[in-house]
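Should a chain be cited, it is by its letter among A, B, C and D, assigned in written order, with residues numbered from 1 in that chain.
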């Protein structure tokens, strides 16, 4: 089964592309470090999106050319960035006021596990080492929509979408939509609601690699992603 | 992205009966007189207004109260040079007052904008103002619990704005304006001028555009103090 | 007795002058609206004091000439002010962070009543009308020293320094020093400690117009004030 | 009023064994590398350090930890590009860690500076981080109570300062610096340049001088990122 999934599933870039299609014109958006950052690359033409980074910048743009980095101008992932016209700097308390105070339209994060009740686990596998949480526990609260981008299953083929998370939680009841390598799923009233799935995959096959019931409301769309 | 609107009327559109409205300013400085007058023209009733004061004379907030549009005022200092309008209504039991110490008022509004539902402050502990509020001790000192304050709308006055809503202020006219911008569902700013995107140095933005929804240009804003010295009233027929 | 006091007591200007002698070089100071504001007028030569006004200005100076007022540049009493070099503007939450956070060296306020336990009543006579508190309840907390300037007795000759306040409190246990028209009194461990009194006044006469015991620790100095 | 001091050594004077020290910066941006190195030279032990991270490579905070001067670290993200120094000590049980979500860390420091002993936040509710902390419900949602954070000293990095201690910052190097300036008993700032009083526009002051105690000029401050790419270490003999 998991071998078969590997041949049809979306790449991370394709998941990011799909998530990017939902970016709304005029939205204020925070993209988590790593995988979610890729979404900005695929921002659709004609949509004006303002990106927030929790270390105190609103309205940043692409990475500078190699050698042109200014290390006072970085994002939360400590990568060099550039500014767009209309950008603003502010301190960390003001920055997290934007986050916690409900001013962001969208935050997109990665995940170890997502539960049908909206719980998210993405900061610790619970296996020891040095714990590090960063801004994740704040980002899951306040944004009007909190989305996750993730492979649908772990590298071992185990479900990442579960009835309840087994890893340490980042936040409770916070995720509103999940973009996976196989499907687009909303979380509504404590349930996974399937919105789109790959055409090559049957509902039953998708359900088989999902750790909680997939409900449907009306038609399930076809998950399409650009060839990248 | 362009948050500018063409008229004061358009700027205050949608503020309906019963709305809660934060209004910036400390006394006359930073008071968005023109937006308040547009709100008088629009005519919604039964408003809850959050401001540091209760207005002066017969313009701005005092005029809004005088028109009978305000059911409740949340403020720190409703006594002013010419407080007659508010005083008469208050003593007649026709307007409700929630009195809040000034620093607590500022912090409650900031908390509303910052997603902090409650906090503890030493201010007002042991006074009549603290009656009925939870008290807790930290490191051996008693503190009063205060709740965040949010509103449906904020009417604020700034100096320079850009189309994304980035704002700067002018001197002590800053006061409550940047805080209220954070704490309202819809924040409406009047600015003396709108400049091109990028013309405000990102280092000098006081209110980032994320907190601002609508922007209207009032090139030469009136000062409450000046209007009152001239004996002005709004609407003018009331003079 | 009160007639006699009237002939020897300090004027408000003289009380302000005396309080001004204790302004420390390099201090950050907030002077309450009205009477306390007068203290700045008498700031001793050679001492650099930075004045804070709760409506968001640090480092302001004298009033402008008549006709030169800018009504965006006012103090908490809504009077026009000017700026000194090195001034700064900030919003109300930052301003009261300075107050509440313990960053001011001194706050000076007026009083209806002061109690020997440091309680202050200065915002309401409790007699009805429109209540208004402003920044007083915040200013009494946080400043390293909270001083009061006041006549020693009411207009009717009744003590304003009491065992306990009878009017609505502004703050509990907050006052550290009182400059009156007759004396300088510290509040220490729940008691009035007399530091200075007018030479023309006996200790017993001062005690007679003070509503709580005046303690002494070492010598009592002579309260002198410039003829103004 | 002149808060400038002549040397880095003088700037960090008085930071003794067991002191709590806030250190500004987010990763390398805004990290006061030269002040940290002066603190290494001064040699106090058993410090409690508050920073967002745990340092990188063998300079700045990482070097301070490597020298064994830090007993406890309060931070949000102690994993970094080259986290070996902290990781080794932590896994060996030789350094204490208090892990705080980043937004909560910022708000706790701001609360320390603002005289707010405790506040409620939605962040960390229902997670391991909230264990043992009071929880309360407001308007039907659960929140975690967090306490203010203060320190004996703050070491911060700014761009421009004046003799009264008014400060501006440079781009995203602002981060925690203005907050820590508010929350420490003694705030020590390194600045790229000190200008005359009045040269910083009062509208553009980010940290008013009331929050700053000492100011030292480091005309060309080093960037942690650059130092680490060069393989630098402090003290240099340790390389």
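Everything below uses one rule, namely that contacts are C-beta pairs under 8 Å (C-beta built on N, C-alpha and C of every residue); 3 or more make two chains touch, one makes a residue touch a chain.
Here the structure is a predicted model, which means the values were calculated and not measured.
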B-C or C-D - the one linked by more C-beta pairs in contact: B-C
Mean-CA-position distance for chain D and chain B (Å): 35
Inter-chain centre distance, chain A versus chain C - centres from mean C-alpha coordinates, in Å: 57
Centroid spacing, where centroids are CA-atom means, of chain B and chain C in whole angstrom: 30
Multi-chain contact sites of chain D, meaning residues that touch two or more partners: 107, 110, 114-116, 121-122, 169-171, 202-203
Multi-chain contact sites of chain C, meaning residues that touch two or more partners: 89-90, 93, 96, 99-100, 141-142
Chains touching one another, given as label pairs in label order: A-B, A-D, B-C, B-D, C-D
Parts of chain D lying in touch with chain C, wherever the complex brings them together: 1, 110, 112-116, 162-164, 166, 182-183, 196-198, 202-203, 205, 208-211
Interface residues, chain C side, partner chain B - complex: 53-57, 69-74, 76, 78, 89-93, 95-96, 99-100, 119, 124, 129-138, 141-142, 168-172
Of chain B, residues touching chain C in the complex: 26-30, 52, 54, 76-79, 81, 83, 86-87, 90-91, 97, 99-107, 109-110, 121-129, 169-179, 206, 223-226
Chain B - residues contacting chain D, complex: 107, 111, 114-122, 136, 138-139, 141, 143, 147, 168-171, 202-204
Touching residues on chain C, where the partner in the complex is chain D: 26, 28, 48, 50, 52, 58-59, 83, 85-90, 93-94, 96-104, 141-142
